[in-house]
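Next, two complexes with chain A in common: one pairs it with chain B, the other with chain C.
Showing the complex of A and B:
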């Protein structure tokens, strides 16, 4: 690309620039070598432009923006450690007699998959550590990804133009569950075999198709010999490829959209305030990768995960108490534990097991479906078609925050239900009582949490308004000459104030007339009605930020007891700036 | 005092106050909590002595002829093994009516007294005797076979590592750590509380010895993979990764975010 500019030396325009000084080449030999290599590469790949673009990308600074990074690094750690494990893991259900170095399993018949996992744990140098790194990193991956999703949701980062990226994230998250479950099922220990047995039951609960599905996947009746090699291909080939592909798209879109930022003085919808990738974020993110790797390695070195030698090889007859899936499948397991038995019934000579199917088959797609649809729903309700690069403080959208907390509560109830047996023995409670309470909580707690969260958000917004209008309570009591007492309030500085007044006010969408002047009913009348009802649900009690006019009024006569000289003077200084404050953010000093 | 007053609005003040409250409550509780009374009784070794002990300590619930009442089951036919297990593990006499007799750290009777009561109960009707020491030590048992038998017969309630598990309505299968081989064996033969009986036709005495050997192996096994988190399976692992894994990561992220570029 760069050579094109110089090639046309006969071009008349070049005469105008014949006096230009040729830039001096860098003199340091090391720099020259680097430049040479870079130039060589650029000539052949044209990489300079895109790489330069990426390196100059500016990222804002906030700890919560690094949650996605934790997920990304955990995934990379999984890929690295997983590759190591494939060197020794034998994905086969072929039966062998164990003769390795772990005495309590000697002479037991087991599958080759289980034997090779035990060998990795006891006979391969560093194998157990890598296995534990792989498993802990997988758990950490989904924890970080989930918390990252929560951050995106509660700050409204999914709004235009990021809806597609939110949907990609939802798919990534759902596939991560499947990938995790496939990995959990591979070692063929008692726990993973029990998990597969449960999965087989889930498939069979699908009306009409169930037994065909299960036969197709297991290549015959459970357990069969096909499932382990099949899951292996899915776990190491298919899903990682899709995950990495989607992840690349995910992060690519972050570069295209630019990263969102929290509101603050000088931060607008059209800029990104932060540091460039090179050199700041390259160093920070690179360092953070090693921190994440270090922490996961430390945990893996200190804490056992999935002690397959203790579970023993899978055999369809035994089951262990405390058979649970890894945490990320806990909500589905909990739903199974909560669903009442009467949902299974017989009709037309067939058994319909909705007690299993609702929790095991329907829940996951329904949950992720709702999550993926939410940005579009909110956009429809608000009628907001603008781009948003500034994040919402969660309190400034009370209904969204409330809905999110309600959903999180429902999820939490299901997840806790998966541990009902352990709660029963550790807390000396009756498992029946726990189950009944959680069943009720699944329906009662989310609306309650919604209401409480919304109230808290509204109160926080009122507090913000109060702070802006009346300033901070200093705790200093002043007695005037004529014996009046009052507490002195200190007005906020304009940088602090900016954060409290910068957001957009919410308005309820009003219903356009359902009939036109001729009395003809508008074709969209029903939709409009639903939309304005939802809009009322979202925003009818919303509290809007203080306007400059309100602020000015408050400072003039809002609080007579404070109108003493000193404060009045400081108010006068700030007021002119505030007239335009709602439009123009103050510049950092 | 002034310095303290100035910091009363410090963010950590509430946490400190809570901590102080908790510590005070805990100390006050441990000072005033009622201590257990010692129920020492005279030593005896005959059926007659056993009957006396029974009348003094057990008859309230099990009836004067051990015929059983609403509060406790009839005992003829349970055998000496049942008495030895229940009293030897401190389950009996029960401190209070409950869904299930919990194992107590403190055994209230000497082995001689327990044997006396066992002899008395055994004299009422035949039942499983206290097992031969040959099969209860676990010595010479096949650990691998014992592990397999344990997984097939016991793990569904007691968990794969003998960590215990929940049963219905507050009942539970207790954890099987550090239990005398004799008591493991007796539990299998007598089926205390919710446990089924595993007689010699189900599991031969040699196989029971293998199970004892396996459980003793679990007791002394060092955790090769690090902390075992109670050997409770994925729930404790999930809790760990949420609290410590995420906690540490967020801590580092906050620290790194604070670092000015």
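Showing the complex of A and C:
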């Protein structure tokens, strides 16, 4: 187009340009404020719309929602402090003679990895603090994400639509263990080297491929010079990339689903009640990052962790008593201590080392596999296809809570087993006895804990019902005109009551006829049978929330006992102790 | 919402209004008829309780000062950190009550850094809790599922795309594409896997030990005369040829041996006595469980204990496993004395030392 188009109006393209014109100057002061850089950015990205939306996004509040935050912040602290460490750490198994400032190690042959770690601890100003921050933050990361997982499990937050996020979380958690192990193996000190020595033994236990795996990873016989640089690359590049990627997906899905919330008055399955990001959560969550970082740096300043200079460099010959991995590997180490030797046997000229393989190779994937599958199992049992955004109070799903506690107990037994030698020394017990008891406990304790937990949950539910039906004990003793005494009960206000009656009752799935009208067995008969059996296992003795009719009956004078008896027939008990409570609350004078 | 100030009202009301008709044993229903709903109704958000700072400007002013003080503390922490970084001698250690001897430098850096971070964090949270709005907002959810039209569009677009690309009509392309996508990763994986490490061959089954190799102390590497090994003593031992090794750690990891002298009458198996020398016996130090050095010898009971997983071996019974997760006994090294009275190996290990592996029995 030639320049004469500008003055004329015939050309549609030029007209468009004319209309397009200069953007109008912002009029309101608020708009003026987003001029400058923000305006420049929005002109090029259109970010104002999503950012404006995110700023007003509402998050519900509960202390347990901060566990995931602690994990997230600890991970960020690990990334920051870890980057710092890479500037000085030398990932090499090449042997050198130490001549640094830490006198007790002078003249000792060690790997460059070990020397550089000692240098970070003694010769880089503030290096020790950062090293300890890195290690403590890693421990905090795994503690926080584990407790976060427990919170999600026990409150049923893994239910639809969050199953994918639960699976992502399981993978994150498993990789965090590997990342931690790779990290504490890097300094190549005596303790971590012994850990790698054991890891090499673990690999050998894999049938057929064991020795090939070991030689592939260690580039020849143990220890070799390859493992340190390879673990380094896994620890600082491969796993962090996967962790950060999965974490981004994890938090992204939290945004998409909107956070779950605990039930309460006004909090429904269709809304989120809480505070907006701007300004409340920006301040609270932002401030919380600094609090987590502050607490970790305080611990790192005051409490020594992994003093590798005291262990010395790795040497395959010596070892220290009480060798133990970091806490999160404790359960696997404990499993190895409990597995009996007879699980190793020779057949067809080949060696099957199940005494090692079960604990070292199979345990972790199987454990995380079961965890990842659980939401799908529960959904199959309940047949529930609804979305769930309201959390369960753990007592309101006694079977799930019991199963979770049973699993936690099995984990705890294994973890204790990893300290069988220390317990024997500190408690003056026989290590053999401790080990035998823990072996038995691994099988006996979880069912026992399941049963106890379930009973506690059912009792708590009964207590909730009791509170709703008969109110709170006021401690006021009333004497009636004819000389009777009883304690006055005060009905709950509707907000308190709602917390105790809001949940949905559970129903056992009943088995439909296994055969059709022609007597042909349904193709899904066996599956249905299993499903209905599981449903009975979950819900046959469930206690349901009080209904208005039951409350009315509880307050009804005269036939009160009889009516309540009918309602609570499912509880299978009589409750003489509650007799006084069933009276009409007398009016105070 | 309106009933929150008369919480008793509803309870008394239901009791009075429906009591006699609501639930009876003979009627046998728990959910309501006769005017009662099946479930309780959500009473809605509870009334907002105002904070001190909302009601009283003085309270707000106080909160402001507290927040500012915390932020100020944070800056102070940073300044102290910088001062400490330069002023304190990193090598100085001192006694700190409740902790013991510690590096003063590290402790002060940690505390000042914590001050800087906590002041900032606690200040921000306190600000949010006292001065920022505390009445809750409500946001509505929608189901995750997209609308049927959107789902249909995806399917249509996908089918349409496939059709326009003539995927269905040209099977040759379809199948060759599958190969072209599936196979190239092999070109990346092969060099990775192939280059990782050598094949084990017999390296897991052999050690440095050979006939005539002297037993030397670890780490001094001095030879041991039989008469230096008193009853009850234990020596950590390596082969003398370790000095010529080009891969010291790797050879050590397989060849490490424990040497003990027992009263010959305490030794039960004849083979163990024959492979030793006057009650002096040598066993591989590498645990047959997962390979930790079996470093703990109990002189009185003649038990060897692995510190990693507590496998216990009885030296009087050819190092049989008497407790713990290991299965196989520690392999014995056959020893004798040379012409000068020094202990030497009489033969290499007869079996693979260390943890089990698949083809162990066949090697």
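FYI, the second predicted complex is superposed on the first by the 522 of 589 C-alpha atoms of A that agree within 3 Å, B and C clash if a C-alpha of one lies under 4 Å from a C-alpha of the other, contacts with A are read in each partner's own complex, and residues count from 1 in each chain.
The rule is short, and it goes like this: a residue touches a chain if its C-beta (ideal position, glycine included) is under 8 Å from a C-beta of that chain, and two chains touch if they have at least 3 such contacts.
Because the structure is a prediction, the values reported are computed rather than measured.
By the document's definition of touching, of the two partners only chain B reaches A:147; chain C does not.
With both structures placed on the common chain, the touch criterion links A:312 to chain B but leaves chain C unconnected. When the two structures are aligned on the shared chain, A:508 is found in touch with neither chain B nor chain C.
Legend: residue contacts after superposition of the two complexes on their common chain; A:429 is shown touching chain B, with no touch to chain C. When the shared chain is aligned, chain C comes close enough to touch A:555, but chain B does not. By the touch criterion defined above, A:330 lies against chain B but remains apart from chain C after alignment on the C-alpha atoms of chain A. In the superposition on chain A, contact is made by A:205 with chain C only, not with chain B.
Legend: residue contacts after superposition of the two complexes on their common chain; A:221 is shown touching chain C, with no touch to chain B.
Between chain B and chain C, C contacts the larger number of chain A residues. Residues 122, 128, 132, 275, 280, 284, 287-288, 291-292, 295, 299-304, 315, 317-323, 420-421, 431-432 of chain A touch chain B in one complex and chain C in the other. Residues of chain C touching chain A in their complex: 3-4, 7-8, 10-12, 14-15, 18-20, 22-25, 28-33, 36-40, 42-46, 85, 90-91, 99, 102-103, 105-111, 113-125, 127-129, 132-134, 136-141, 143-144, 193, 196-200, 203-204, 218-219, 236, 238, 247, 249-250, 252-254, 256, 285, 289-293, 295-296, 307-311, 321, 323-328, 354-362.
Residues 99, 142-145, 147-148, 151-152, 155-161, 163-170, 172-173, 214, 217-218, 223-229, 231-242, 244-246, 248-250, 252-254, 256-257, 259, 261 of chain B are the ones touching chain A in the complex.
Within the complex formed with chain B, the residues of chain A that make contact are 61-64, 66-67, 69-70, 103-108, 121-122, 128, 132, 136, 139-140, 143-144, 147, 190-191, 275, 280, 284, 287-288, 291-292, 295-296, 299-307, 309-312, 315, 317-328, 330, 418-422, 424-425, 428-433.
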